[in-house]
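Presented sequentially are two complexes of chain A, the first with chain B as partner and the second with chain C.
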Partner chain A sequence: MFTSSRYEWISLLRDKWVVALVIIFFSITFFAVRNGHEKVQERTQSIEEVKTATAQAEKKYTNDIDSLSRGLKSAPEPWLDPRSLSVYGQRAGRVVAMDAEPLALIATGQSDLYTHTVKPKLYGEANALGFSELSNPVQLMFGTFDLAFVCIYLLPLLVLAFSYNLLSADKESGVLRLTVSQPVSMYQWLFNKLLVRFVVLALIIILSILISLLMFGVPVEVGVMKLLVLVLIYTLFWFAVAFLINLFGASSGNNAIALVSVWVVLVLLIPAFISQSANTLYPVPSRINMIHQYRVAEAESNKKASELLDGYLRDHPELASQDSTQKNQYSFWLKYFASVEVIQAAVKPVVSEYDAALEEQQHWVNQWRVLSPAVLMQNSLNELAGTSTGHYQNFRKQVLVFSEAWRSYFTPRMFKNERMQPEDIANLPQPGYSATQVTTHYTTDLIGLFVFVAVALGGSVLAYRRFVHTGLVIA
Partner chain B sequence: MLEARQLTKKYNDATALNAVSFTVNPGEIFCLLGANGAGKTTTINLFLNFIQPTSGEVLINGVSVPANPVETKKHLTYIPENLTLYPNLSGIENLDYFAGLSGKKYSKENLQIFLTEAGLQTEAQSKRVSTYSKGMRQKVGIALALAKDAKVLLLDEPTSGLDPKASNEFSELLTRLSKKGVATLMATHDLFRAKETGTHIGIMKQGVLVEQLTTDQINHTDLEKLYLKHMN
Partner chain C sequence: MILKIALKELKELFREGRFRIAAVIVFALLITSFLVSKRYYDYVNEQHEAARKNARNEWTGQGEKNPHSAAHYGTYAFKPKYPLALIDNGVDKYSGVSIFLEAHKRSDAQYMAAQDQTALSRFGDLTPDFVLVFLIPLLIILLGFNAMSRERESGTLRLLLSQGVKPITLVAGKWLGLFLPIVLLVLPVFVLAAFLLAGVSNFGQFSMAAFTILFVVYLLYYAVFTNLTLLVSALVKKSSLAFVALLSVWIISCLAMPKVTSAIAEELYPYPTQSEFETQIAADKKNGLDGHDPWNAASKKLEAETLAKYGVDNVSQLPFNWDGYLMQQGEEHDAEIYFKHYNLLKETYENQTRVYRTTAALSPFLPTRFLSMAICRTDYAAHWNFADAAERYRIMLVGKMNGDMVDNSKTGDWDYLANEKLWESVPDFEYQPPAYAAVFAANQSNFATLLVWLLVSFAALYVAVSKIKVI
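Up next, the complex of A and B:
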């Protein structure tokens, strides 16, 4: 078998196919990684800008508080005084930033749809509605020209172009008659041919991806290895499909049509179907409706703000001022907080409906992704890149947690009619975001891909028995 | 060496081959004559296991072909009417490739010796096969028979389309191989070559082997008369 592999390789080289393939694949890989790199740079830059601005504001407020408390500066208007908890809490908010993962450049994923920095404040709509400005969170497909697109959509086409006539070309030229008259199992012989091509393409893929990533400064770590394993198994799957179709013994033209059909179904139709059905079965409530309800509740509560505050204090007796003789400087805000609580309670059903729909969609997609190796790939690549829906949902959760912490630092102290002191700044809640909390599905996705490979190879054994044994390949 | 026993092949209702029996012993060249569609190629395809018999037995060296398709090909060389090789590889490389598929490994010098023995000019041997004529490609086929040390040769109209000189060279190669003890089964339309080269002749008509004789029993004129009698 070694001799035949060697000649398979020599034939490939003389065919100039390999050279063409190297050039094509390396160019598109490089271009895709470059695109991804640009996107990530934009993202990093915008995060940096926000962080810098926030840090400057923080510094300014810290200095001001310091100067004011030492009497070095005359006090500004109360609504501008940084020592006022309401001013500080609102204007000197901290940023929760979702920094790009090292592999973020491989898959744009959801990064087009979401913001990567949130600055929770003391009050405002943002606390309730936040940054949920998305219309279609299950927009799995049709992303930008990134590495994931190249691997999921274009790579299979290259594999198919490379192997659609593996058997049929020999049959059509007539050389197969001589091959079949040799004492060798046709299945083994064809598998061997396929393996040579797979190894050649695998080397091209590994080198193209590694070189492109290294050129854009991505360290070769576990993530890159995981990426390569995924891509290679996916490639193997498409070779196995080509192998299976070849064994049906049809002409090269028919093979090409059959293979492109398989590609359309697995890569375009099934993902579109999963995405569409998720939207149809678990529709996300309209954001306009959500805002509308919010505004209605807001108007309603403003009318009876004082009653609301009484109710609020009844619910939170610990916040009631001990010294009732002194007028609370934050009384306006306290009424506002009371009304916010009411508003939030009013909007809660819509918000949780929204959250529930998102979760259901996510669950649905997770469940049915096993129908297509393309969805399995997209899912795993997004997760490796840290741009999956799961990552953004998790970021949102972490932001809400911080937002809550920020407000609960200020609110009780406002009820106690306190002010910001220089030493308070060190005790403020610190924002943080960590991607490690996100559950990923790498292993299951990989197993899923292996199952697809096994199904294609199993099918090829059956096809071989049925077609080659009955002589249809020759006669 | 080659044996067909009551060999029958049916396609749905059509009978392509009906109870054909014959034997080709080592050193014999059995020529199958007959009109197109008489069942000559079907017979050869059955020996190659390209198709399976509906009934009857097909044996090479006493071993059933359908039951041992790989085993029975070890000592067999098949030269189809239009022998096609890999055009991107040279004659030597093609020979190395196909001999390799049979598990034989030779040095380049040995491969060249086989090709020369088969009559392929030295300067053509390392050229790509895309530049070869049909006769040259068939010589690679014969070289493969030599390299495989084939005991059985199956030929499907090997001389059709060859010029008289090439055809004559080919016949000489066959005679030389048969002297080495190779059993040859050849389907042909060339009555002259069949009488000159063959040791036995079988005439087929509509899937039936209607006549079997040895070539020394008959002269050219009588063979043609006999053939035409069956065809009309």
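Up next, the complex of A and C:
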């Protein structure tokens, strides 16, 4: 057994395919990681710019409030005075930023669809907050050449090109007859062939990915290990499929066709089917209908704005100004808040339908993702990169929480007709984002991939009994 | 002789399980994807019609209001979906469907479908274009990779040539034997589509000519792949190697090149991020005229000039509403800023498009993809055209509102109310897509690239075949 694998090693290493494979895989991995790195850099830079601009504005407002309250400066027009709560709350908004995870460069995921900085303000409804990123839709359609693409799409095809003739080439050249005349188990011999090829490719994959990641300054931590395990199991699955198909004993050409067909089904068709069925079964209600509902509610509330404020104060007696004789300087905005509350309440059922539909879609996809190793891979790679749908939904939730906190800081004080004081700035709500709340599915995805490997290997045992034992393969 | 060979190839193909299975699967996929798209299309159209009516009713029924408040209330423009979007949904999933039209602000299209779907949708959708541009070339490769090498391997090539059959005749027969089944597979789907589409007449007339050109574009694309398949099959002696080589061709042109090109385009001509774009616009606006801030330096200057022009010393003595006039001036100034920045964005997009067109020389997939989207009116250019039309409508709408205020009310009279007569005087937003002549003119280079691919691959096949020797 050892002799046979030793010769396998020697013949494989002498093969120019291995050299070609090293060059091809390293260059595409490097290119992919570089692309991911470019994207992450752009993202980080944009976040930095926004943060700097926000910090500058904050500093300017702090200084202005300080000098105004000490009478060092003459007061500006009321709608520009930063001591006014409405001016400060609107113009000195804080930014919630979704910083890139260390492994963000491995998978673009959904990061090209969404913005990573949102600046909630005092006015403007939560639904009006923009979460879209500006990009050329052609690029969104074509997708990024990132490490996830290399692993999910290209790697199986490389495995396939590397092993479609594992058995058939020996059969076609007559070596097989020679081999079976030796006192070795056929299955063992074939398995060795598979294993040797897998080990060679695994080494190439590990080194290519590690070197590329290190070159772009990604520290080798748990995440990288998780990534490598995932990629190796996925590769092993494709070897197992190649092994299984080889055992059927068809010609090299037919093996290649069969393998490509498996690839088309698992990587192209099943994901499209699952996604299509999710959209069909749980369609997100029409967005343009939501606009309509929203506008109807808006028009309604505008018509009776002053009644709304009374109603609002009845609901929130704690907000009613202590001194009712004094005209509130924010009365215009208070009416506005009252109407926003009514509009929000009116559209809430519609808005929650969207979240519900998307959650149901995600649930459906999570359930059926076990049908394709490619989907399992995509899911876990996006989660490792922090660019999954879940991450962006979570970011959105955290932004809304902060938006609410920001507004809740100002509204009660506006009802009391107060002004910003220098000491208030330290008490303002601080934005924050943390990715730790997102539930990830790494373990289940890995188990799923193992099941795929087991199924393919189990199939190969059956195929071996059926075809090789009966001599069909050799004949 | 050519026909005889073709006929023999066809017979052989139809007898073979490989073709039957593949053909049934591809045909079923095409029909399923078409029906799924049809359902989606009908749904979208229904929504669109309703939304248009609602938007108009909301606008005309908004009651008595100050015209400028009405401009703030604004209205919506909805992007129509044209019948051919059924075949190729293009970038529609990644571009928004509605644009809010209000005073002072140009908005981007909102609500892209991709954001309302899971990350899985990034794998691609089960739409006809997915089958037409990705799977059928793969099918051509699967069916034809051993067309020539098979004859060589089994020794029949020697036999055939010794019988006096010219290699070129043989290849011509093989070519027909590979290309015709593909036509037979695609034609019924297109005919069915033509019947169904001709029946769709909600909006956006269905153009039979455009549909035929679309069909021809796909046939050219398949002809290129047929040529490449036979070329490799003639050059590479072993069938299995020929297959691996052809598979690489498919991976590079259909999977890798679009992504590689995107990376190059973004590297050379990067798009600004949303926040960068907004910051640039805000910076320009800040330095300019503010229609809502009469104390702004630029507004002060305009005031002095206007007073001098009319020879009065106070804005209330002007024969028109100064507030409205100032706001309209501010509006026009803002519109110019938007125009400038959106044009810069458009320049970036056009530069990126040029990159795609240049690299199309390396992949027959790219010109086909872009032509298909352009003919189906689902490419990025179509989206820009719509967004620009919406912006022109917005400027007109806001101008009319401010104009009414200028002419019919006095300076400082913010209680002035207009009614539905004014709202109704604003025409409804009717979007006319560019004529096909313009679409084709804009896509000349894509047509040219595809034709060059066809001619070069034919020439290469001819040269390779005439050098065939039997050893």
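Note that the second predicted complex is superposed on the first by the 458 of 475 C-alpha atoms of A that agree within 3 Å, B and C clash if a C-alpha of one lies under 4 Å from a C-alpha of the other, contacts with A are read in each partner's own complex, and residues count from 1 in each chain.
In this text, a residue touches a chain if its C-beta (ideal position, glycine included) is under 8 Å from a C-beta of that chain, and two chains touch if they have at least 3 such contacts.
Here the structure is a predicted model, which means the values were calculated and not measured.
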*asked:* Looking at A:Glu42 after the superposition, I want to know if it touches chain B, chain C, both of them or none. Which is it: first, second, both, neither?
replied: second
*Which partner does A:Thr144 contact after superposing on A: first (chain B), second (chain C), both, neither?*
second
*asked:* Applying the document's definition of touching, compare chain B and chain C: which contacts more of chain A?
replied: C
*For A:Val296, decide between first (touching chain B), second (touching chain C), both and neither.*
second
_If we overlay the two complexes on their shared chain A, which of chain B and chain C does A:Gln362 touch? Say first, second, both or neither._
second
*So, A:Ser185: does it touch chain B (first), chain C (second), both, or neither?*
first
*Who does A:Gly253 touch here: chain B (first), chain C (second), both, or neither?*
second
*Please work out whether A:Ser275 is in contact with chain B alone, chain C alone, both, or neither, and reply first, second, both or neither.*
second
*asked:* Just checking: does A:Ser388 make contact with chain B only, chain C only, both, or neither of them? Give me first, second, both or neither.
replied: second
*Partner chain C, residues of chain A touching it in the complex*: 31, 35, 38, 42-43, 46, 49-50, 53, 77, 109-110, 113-115, 117, 130-145, 149, 153-154, 157, 161, 164-165, 168-169, 251-253, 255-257, 260-261, 264, 268-269, 271-276, 278-280, 283-284, 286-289, 291-292, 295-296, 299, 303, 354, 357-358, 361-362, 365, 369, 374-375, 378-379, 382, 388-389
*Contacting residues of chain C [partner chain A, same complex]*: 18, 29, 36, 39, 43, 47-48, 50-51, 54-55, 58, 62-63, 73, 76, 78, 90-91, 93-98, 108, 110-112, 114-126, 130, 134-135, 138, 142, 145-146, 238-240, 243-244, 247-248, 251, 255-256, 258-263, 265-267, 270-277, 279, 295, 345, 349, 352-353, 356, 379-380, 383
*Hey, which residues of chain A end up touching chain B in the complex?*
2-4, 7, 10-11, 14-15, 173-175, 177-185, 189, 470-471, 474-475
*Write out the stretch or stretches of chain B touching chain A in their complex.*
45, 48-52, 70-74, 76-78, 80, 82-89, 93, 96-98, 100-103, 105, 141, 154
